[in-house]
Structure formats: C-alpha cells, structure tokens
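Letters A, B, C and D mark the chains in the order given here, with residues in each chain numbered from 1 onward.
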Amino acid sequence: MELLIQVLIAGITIGSIYSLIALGVVLIFKSSGVINFAQGSMVMVGAFITYALVVQFKLPILLSLALTFLIAGLMGMIIERFVLRYLAGASLISVIMVTMGISYIMDGGALATWGSSNFTYPKLFPPFSMQIGGVKVSSVYLWSFLASMVLLVVFLFFFKYSKMGLSMRAAADNQKLAVVLGISARRVLSLTWIITSAVATAGGILLASISALHVNLSYIGLVVFPVVILGGLDSIAGAVVGGLIVGSLEAIAGVYIAPYLGGAFQQVASFVFLLIILLIKPYGLFGTKEIERL
Amino acid sequence: MGLSHRKGRPYFLLFLAVFILFPFSLFQYTKYILFLVNMTAIAVIGALGLNILTGYTGLISLGQAGFMGVGAYTVAILSTKVGLPMWINLPAAGIITTLVGIIVGTPSLRLKGFYLAMSTLAAEFLLEYVFKNWESMTQGVQGLFITPPQVFGVHINNDRVFYFLSVSLAVLAVIGTRNLFRTNVGRAFIAIRDRDIAAELIGINVFKYKLVSFAISSFYAGVAGGLWCYYMTIINPEAFQLSISIDYVAMIIVGGMGTLFGSVYGAIFVVLLPELIQRLMEVLQPVLHMEYTFAAFKQIVFGVIIVIFLVFEPKGLAEVLSRLGSRVSNRKRKEAVQNESLPGTGNSKI
Amino acid sequence: MDKTPSHLQIQGLSLHFGGVQALHQVDLEIPRGILFSLIGPNGAGKTSLINCVSKFYEPNAGEILFNGREITRFRPHEVARSGISRTFQNIELFKGMTVLENIKLGRHIHLRSGALAGMVYLGKARREEEMLEAFLDREILKFLGLTPIKNRVVATLPYGLQKRVDLARALSAKPEFLILDEPVAGMNREETQDMITHILDIKKAWGLTVLLIEHDMEVVMNISDWIVVMNFGQKIAEGTPAVVQKNPEVIRIYLGHSYAET
Amino acid sequence: MKRLVGLAVVCLIGFMGLGAYAAEIPVGVYGTLTGTDTDVNGMSYGPKDYLTYINEKAGGVMGHKYVPVLLDGKNQIPEEVKVFKRLVDVDKVVVVNGWSTGGTKALRDQINTLVKVPFQAQSLSKDVLDPEKYPFIYLLGPTYEDQVIIAMNWAKQKGAKTFAFIHADIEYGRAPCRNAIEQKVPEKLGLKVLGDIEYPGASPDLTPQLLRIKEMNPDYVYIQDSVNNCVKVLRDAAKVGVPASKFIGNNYDFSHIIPETLGKDAEGFKAIQINADWGENIPMMKEIEEYAKTHTIAKKDTYYTKGWVQGKVIHEVATRVLKKSSGKVPEISQFRLMFRDEWEQLSNFDTGGGTPPLTYKDHQGHTQARILEIRGAKYGSISDWIKTH
C-alpha cells in the first residue's frame, strides 16, 4: 500500500509536466486544427534559450525569463506566419509532416548552436522540496503542477468567456464563417502559436530543471501524444487529466507490470491503454465527436 | 511487362543496358553507389507500400518501420531457426507482415484521421517492445544474425548480387502497384481517400478495403524489411525505430502522395539527400570546423525541404518532374513532324 | 396497390438527432416499377429518409424491407449491393478522378477480381477490366452522352455535367431501385429537360423503380406515378399527382401559392 | 522512363565528381555525433584530432600525412553500416575506428572476411572480442563484462550481499548485465542479484524503476548506461530516497556533468575509470594542451582522452607498418593486412599516461580499471587500478 501511494505520487508529479506540454498541443489543435509534432522541439529550444541567457550571457534570472518568453513567442509567431499560414485547409498528413519538418529544423538548429552535450541547467528554482508520502517532491514538480493547473483554469475561462477565446473556437470550427463574423482568423492563429510557444517554453524550463539539458529533450513531444489523444485532441481539461493518468499509468506499469512482462513496459503501457480507450471512445475521453455530413 | 511504349523503347533499352552493365564497371565509387542503389531499391519498395496506404487510401501510418521490422525478423527467424531458403523466406516475410498489418489496421473500423495515425504509432512502439522482449524468438536487443545464402558461390549480400535482386524486386513492386490502380481494388482505395462516406454509399465495403490496403502496404513493407535483413545480415530492435517511419512518410510527401513514381523519386531523394549534404559539408569542412554541424545541417536541410515541398509543391517531385517533362516534350513536339495523333490522356491517375 | 408486393417498404421509421425529431413513424410502400416522388419543404425529412434507406443514418426505430427482405441492419455497402443505387444532393463524386473512373467505381459491386489478381494484371483482372469498359461504353457512356468527356477530371466539369456523371455512376451498378436526390436542382430548363428524358428512358429500358426527391414541382407532377408529401418528419399526404395537387393541406403547407399560381 | 534514366545519369556524374582527393593514409572514424549517447562522443573526436596533431607536428608518419575522415553513425545500425561501406569503399581507409555494439556486430563479417579491415571498436562488448573469430577487431580496454566483475568484486570487499542492475532497453544496456549473470559471476562471489531492471532509454522519468530498486533494497546497484540516463537514475533515486552511494556506473558514467547537475544528490556515486581523465597531470595531456592552443576541442572530458589514446595507437601501428615497408605506403589491402598484423604485435605501448601500457596480443589493449567516487562534487579514486584477469 505504501508503495502504491509512492508510485501514484511519482506518477502524478511527472504527469503534471506531461499535462503542461500536452496543453500546448491541444491549444493549437483547438484553435487551428493543426497537430503539432514540433511541440517537443519548442520545449527543447525554449529550455536552451533560457540556458543561453542565464549561463552564456549571464543575465539576471527574471530578465532572462522575460526575454525567453518574448523570444519563444516570436518563434511561435514566425512558425505560424511563414509556414502554417500557407497550409490552411491542407490535408492532415501535410500538417503533420510540416510540423515534423519544423521540428527537424529546430532540432538541427539547436544542435548546430549548442552541440550535442549535456548541459547542467541553472538553478532557477529554490532548492526546496517536500516529503509527500515517502517521495521527495522537488519544487520543480510543484511548480509544474501549479503551472498546469493555473493554465488549465485560465484557458478554460479564456475559451469560455473571453471574446478572443470565443473567436479562436469559431475560427477553428469554420474559418470562412469566422471571417464573415469579423474575426481576424490570422490574428487569432498568430496569437495561438505565440501562447503555445510560451507554454512549451515553460514546460521546457521545468523539464530541463529536473534533468540535464540536452538536444534530445525534444523527445518529450512524442511522449505526450498518448496524453493528448487520451484526453481528446480538443479538450483542455482532457490534456490535464490525460497527463496525470498517463503519468500514473507509466509509474504503475513500471513498478507492477514490467517485472512480469520484462523490459521497459512503462513506455508502451500508455500506448496500450490509449488503444483500449480509443476502441471504446474513438475521440478520446473528452474529445468532441466529429459529425459527418453528406 | 509493357513498360515501354513504342516511343520509349530506345530509352528503355538504354536503361536496361546501364542497369545490367553498371555493377561491372570499376569506378572508385562503383561499390558505394551499388550500396546506395540497393538501399534505395529497398526504400522504393517500402515507400510504395506506404504510398498505397497513405497516399492512395488516405490512411496515415506512422508504423511503416515497425512493419519492415516484422518482415526483417521473419526472414531472420525463418533462416536461422528453421533454415528455410530465401525464396520461401521473402514471401513469408511479406505474408507475416500482412497479417500484422491487418491486425494493426483493424482499429480503422472506428478510428479516423489522426486518431488512426496514433494507433499506428502505438503499433510502432508495441512492435518495438515485442522485438525487444520476445527473446525466445527475437533474441531481444541483441538481435539476430543471419548468414546470407549463396548464389553461385557468392553471398547474396554482396553488393553486386544483391543489386540485381533488389532492383528487380523494386521494379516488380512498381509494376504491381501500377496494375493495382488499374483495377477496382485500387480505384476503391482512391475513392476511400477522396470521400469515404460516398465510397461506402455506392457499395464499397470501406472497412474491408481499408484492411486490404493495410494488407498490401504491409506486404510491401515486409518484403522490404526482409530484403534489408538479407543485406545487413543483422536485425535488432534499434534498426526500425520511429525515425525510419518518419523518413518513409517524408519520402512519399516529397515524392508525391498517391502517385506511382512519387514513391520512387521520394525514396531516391530521401536516401541520397543526406549523402549529397554530407559531401557538400565535407567540402565546407575547413571553414566550419565542427563535425556535428553537418549532422545538424543535414537535419535542417531535411526539415527545410519537407516544409518547402509542403508549402510550395504539395504534390511532390512527381508533379514537378512531370511538369518539367511536359515542358520538354512540348518543345519537342513542336519540332517534330505531326504524324502522330494527339497524345493519349491515359495516365490520368499518375 | 397493397396487393402487389412492394419493392421497398418502410414501416414506422423514426430518426432523431439529440432532441430533434427528424423522422417520426414514417410508413412508405413503393411498388415495383413506378416513379415514386417524395416532396415537402426544406427540413421535412426527405433526405433523412433516403439516408436511412442507404444507411448513412441509423434509424432509431422502424424497419426497411427491400424485396421483402429486411435491410434495416445492413451496412451501407450492403444496401448498395442488394440493388439500391442513389445519387446525391451535393454531388458526392470523387473529384480528383476522371469521369470514367468514377463510373467504374459505381460498378464496383459487380467486380470480383481481388488485389492479387489486380497486381499481376493478367488473365482474370485484365479481362474483367476490359469487359467493364466495354459494358460502360455500351450501356452508360453513350446513353448519357458522356463518351466525349470520359477522360476529363470531374472537378473540371460544369455543374450540370457533374450531376449527369453522378447519375451515370448510380446507373452503372445496374440497380433495380434508383434513388435520385434532387437530380435537376440548380439546372437550367434545357438541362432539366435533358436529365428528365434520360431518367425516364433508362427507367423504361431497365424497368427500374425510382424514388425521386425534387423541388421542381412541374417536373414532379409531370413524371411521378405516386407522390408522398412530408412535413416535420411525418407523412402528411400521398396519392397520384392529381390527388396530391388538390389536397388542401398540401397546398397550404407546402405548395402554397407558388405551385397553385404557376 | 526517360526521367529515370536522366536521374540515374545525373546521380552517377554527381558521385563521380565529388570528393576524389588523393589521400596518403586515410583513416576512418565514425561515432555518434548526433543521436543518442552523444555525451561520450569525445572519443570520436579524439583520434581525429590526434592524427591532425601528428600531421601538423611531425608531418604525418615518415612524410605521409594522415587523412582522418570523421563521419556520423548516429548510433543506428543502418547508418553505421552505410558509413562503414563508404569509408572502406570510397575513402579506402586503412583502419576504421568504429562505434556501437550493435553496429560492430552487424559489420563483423564485413570487417573480418569480406573487406578485411582493422577495426577499433568504441564498444567494449565482450561479444566482439575474439582474436580467433574476429581477427580484425581490437578493443582498447576492459569490456563491460569486466567492469561488472570489477564493480562486483569491489562491492564484495565492502561487505555487500545483494546487488542489482539497472540499464536501458538496448543491447548496450542489456547484454553485459545478462552476460555477467549467465557466467555466474555473482554466485562465484557469493552475491545475490535481486533484479535486472530495464527502463526505456528516452524516458524523461525513471521513478517507477527506482521505486522498484527501493523496494528491493540491494546493497549496490550497477548502472550500465551513459551519462544522460545516469543523471536521470541518480535524480530519481534521490527523489525516492535511495542514496547515490549505492550506485556504481560503468566507464561511460565518469563525467563532471553528473555532480554539476545533481549537486549533493550525486554524492557518493561511483563510476569506473579505464583511462585518464581530461586535465590529469600526465605527459599525454601536454600534447592535448599543445593541440588545443590552435584548435577547438569538441569535448573536454575523459572520453576525448580515450579517443586521443586510440589515435596514438593507430599512429603507432601505422608507423611500424611503414618502417617495415621502408617508408613506402603499401597497396591498400596489403596495408590493411600488415596493419592488423602489426597491431597484434603491439605490446607494452606507452600512451603517455592516458592508459596503462597497451598490449594487443588478445586484441584488448589493457585490462585495468579503477573505481571513482564523487566526493565534494569531484571524482576521486577509491581503489587502485584493478586487473580483471
């Protein structure tokens, strides 16, 4: 029992980071119908930018963070303006591949700039940790949990009540209609990418803080796909819940199932679970069913 | 098999001559080029398979590498543990992979679009897990080694011998695909891609044909994987990871989705591009100094090319080349005496 | 009429989306070999009804019998296989393919050669393909005047022609029961006349039963053998054109002045 | 059809025109410049830099300059096979300095029977060390299996009774641990192996595996993985409260990144050293420093010095071959054979302190290793150089 509690706590802590990164993917899908395979790379590059500003340029931490988010936002804007804008209405696979292409470019760029070493990430968070049920939870996890919860609430309200959020939803549903309603679809998309890029950066900073910084950090982009799909591609709450579920599931599978099946079952556990859920609920736990018309 | 029209025959013969004689040439690069051609031929088969599934039927698959892995493992297991000859193993690789493909395709009954793509991604990871952990069959992460069979006293994985095998199979695969899309099965695939509901309503059993598409696609992948295994003589779980799947998707995107020669161009392009970049970077090396920059540069160029194709040439190289080709042949036609009737509008699908 | 066995029979068909009742307890009997029209204002449930027949929608209650056989639980392609073909209100052609390929697809249900035979393309598959082209040339293309454009890509064709290709595709399956969903909508007078002639000719030649949905009252009244009027998902009247035209309720809720005055 | 022919011709011309430079002594190096395990790729830069250093300082060997070609195998088998083929067929290298366990195994036929090219593997897998079966493959130091034995021996001396392994789900991770168990090494020492735990190599979080370790509570845990994952293991060990002092890593876990990243969570962690660290007070380091004055060093770590040693070995063997052929560069296949033979003759070769003296009679340069421990954020040795056999 004690072990189970520890397992769950461990799962939820890592799950909160998954949630945060998955939120970005959902956000983009919700407002533009694009499935972003470059999310992982945005996470990694965001982390590297902070590293560069703090360690290489030796700027104060708060200033660096502010600058990082600025640069990340700009990056998101550029991606939207120079690539995805041309792909409005393109097929799903084109969109997937174009974001993969962007991901390759970003990974390559980071590799060319920083090389493929491990870097020690600067201590941005106070070295504070809590003992919860026998697991030492460092402040980074608390921050990421907090961040994903706050963002969850903010985005939920944003989409439900704010004019901008409503426009985003309208634009994603029907771009032509949105134009008729006087919503600048372009501005909305641009904004989404800026926000997503910033969210990814936050995820990157947190993720790099709990391990070393490396170009391979972008792999997280793939890890969160089961999260996103599980929750439902267009559900913000789904991303958060999915993150916590997948985190816990991985932990449970790693501790209880892997010894019997052998190997690293943890990694596929989320995919197995995902397949089962999809066969029962083809649009994820909270996703909206697409209605087809003749 | 009817590859050449009357007009194309000299070219066809020239091609055949180059094809047969090249391996016996003695350039410094002959062997290396043979190696690249062999890798390309394998990629052509795999890309054709993926193109049938994704390009023609519209089902996105991120599991192509996993399927190829199944083919490669089938060959390895049959030849090491059972000791069967190649002419049984290669078809067997195709058939076993077909079965796996059908299983992986089953969720397409309920899943569409990206959700289906995710289930293929799940399959990719699951297959990798099975390769790693079904140790009695696959020997786990260590992988299996095979001793390639001999033809006239030469190992089949000798570049020159393998060249004839792989290129012939690739040509057969192209012809098979072309024929497939002349008949009802191929047309049904395209109908499903264009509008699955309408296809179902006019009497196409969409689910069945989706499975057929998965089956054919994975048959190709299995054969490609089997060939790969014979060539490399080793198969282990690291060989067919997700990045290979992505390479294959890139091939059909760059080459042209839903076009026959798109798979061929795409395979050539994706296999050779890194080589070209590598060579280019080696020339620039004295200026750049850092070796990893060419790996980085390769990645960047690869990404840029994918993006450029999707933004500016979403129909891929097949379209670009046919445009160039028609420009050239237009010019020629103007010069030529007009003793022929208008050119046929035959290959509209391509 | 109730003595002859019906070709298509619908009993107590109901369909609702969430809270919206699209069809409520609809009964229809369509005898063999007649031209049966379904009319009613927009949203009356006409298209919903034929979508239930071709199984695009899953009806919530009721049953559908075709040739006396229950097809309510069929999958869409099985309906097509059993001999019911249809056209679509918003032309559901495969736009990237040529006319010929589209029409060949209409005949898909009669083709037997499998994938393997197709890839080898010797013997069976090739023969079948040749027979298919001969059949289409003989029976469909020439008849509908599509031969000259058979290699054009559908997307490049004008609307009227696309409608005709849609009809050709439905016919190429050589069905016994043909559903036409607004076949002349958006056509000019001449095209309409053309289309109607084609429909009547083929009906006569093949002995088809036709279920027609159409807003053009002149067409409906001129060619129908039997008319059913629907409103709010329910059948409100039926009879021969002459009877329906005189039904006061029909005139009030649907035909209104528009038809009465023309 | 026309198009295909055209394309083929263009490709042919393209390849013929490229890169046909006259090389005197081409040496091939491939490693992981990108991809996984780049943390230890200093050892691919090392040989290249050393040969460049010799070119600049001594004008190569007997007037013949080296042409080191460094390529990226990405730690993927097909990529490594491709790179290998290019090196031996196009660049016509005399000797190849390779990389991964999987790739080396895949190429074993090529190396030993088809091409016959001397091959120095970075992989320290015991499975490719066999002078009879694989006469062309040479390793620098103790194999992974040897290292496991060293670690177990040491643990035994410290009074340990139980032991566990943790590694990624790849060949490099799984094979050595399993070999050690199959060879009954733990039984011979009277150690009980409680678990052989695997994790997905790219997973950002290893807490579940560490929770299992915590449950098992072994006296020592052996990490058969490289720096990046080692950091994750130790981080999550701290998270669940398993002290770092219980962990022993292999020779690819000797990196200053570990204490820098983890701070006090890495205190007490042990790693195995098989060659000198960067910055040690040894003659070899003087050479590196001299070279560094005019060149940038890609990685300043113990793996770079390992690579430097490997470069020295190649230079030494090449020198001996050329001495034999009285200063003339032999024909390539002849050169490769002579190179192999001379390599086997190499004995007690002094590497300037980079490693213990190297003897390649058994194709394994040396068999010594020592155990280091992180104390006060610095590695310090806690054992003498231990011989494995």
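Worth pointing out:
In the analysis below, a contact is a pair of C-beta atoms (placed from the backbone, for glycine too) under 8 Å apart; a residue touches a chain by one contact, two chains touch by 3 or more.
Just so we're clear, the structure is a prediction, and the values are computed from it rather than from any experiment.
When chain centres are set by their Cα atoms, the one at the greatest distance from chain C is D. Interface comparison, A-B versus A-C: the higher number of contacting C-beta pairs is recorded for A-B. Chain B has its Cα centroid nearest to the centroid of all protein Cα atoms in the structure.
Rounded to whole angstrom units, the spacing between the C-alpha centres of chain C and chain D is 72. Centre-to-centre separation of chain A and chain B, using mean CA positions: 32 Å. The distance from the centre of chain A to the centre of chain C, each centre being the mean of the chain's C-alpha atoms, comes to 49 Å.
Centre to centre, using the average C-alpha position, chain B and chain C are separated by 42 Å. Shared contact sites, meaning residues of chain D that touch two or more other chains, fall at 33-34, 38, 169, 298.
In chain B, 132-133, 197-198, 290, 292, 295-296, 299 are the positions where the chain touches two or more neighbouring chains simultaneously.
Residue positions of chain A with contacts to 2 or more other chains are 111, 115-116, 262-264, 267, 294. Taken pairwise by the contact criterion, the protein chains fit none of the simple patterns, being neither a path, a ring, a star nor fully connected. According to the touch criterion at the top of this document, the contacting chain pairs are A-B, A-C, A-D, B-C, B-D.
Interface of chain A with chain D (complex): residues 3, 6-7, 10-11, 13-14, 17, 111, 115-121, 127, 134-138, 207, 210-212, 214-217, 219-220, 223, 247, 250-255, 258-259, 262-264, 266-267. Put simply, chain B touches chain C in their complex at residues 176-177, 179-180, 182-188, 190-191, 194-195, 197-206, 212, 215-216, 345, 348-349. Interface residues of chain A facing chain B in the complex, by the touch rule stated above, are 35, 83, 86-87, 90, 92-94, 96-98, 100-109, 111-112, 115-116, 222, 225-226, 229, 233, 261-265, 267-268, 271-272, 274-275, 278-279, 282-284, 290, 292, 294.
In the complex of the two chains, the chain C residues touching chain A come out as 47, 51, 56, 88-90, 92.
Looking at the complex, you find that chain C touches chain B at residues 54-56, 75-77, 80-81, 85-86, 88, 92-98, 101, 104-106, 108-109, 111, 113-115, 117-121, 125, 128-129, 132, 151, 153, 169-170, 173.
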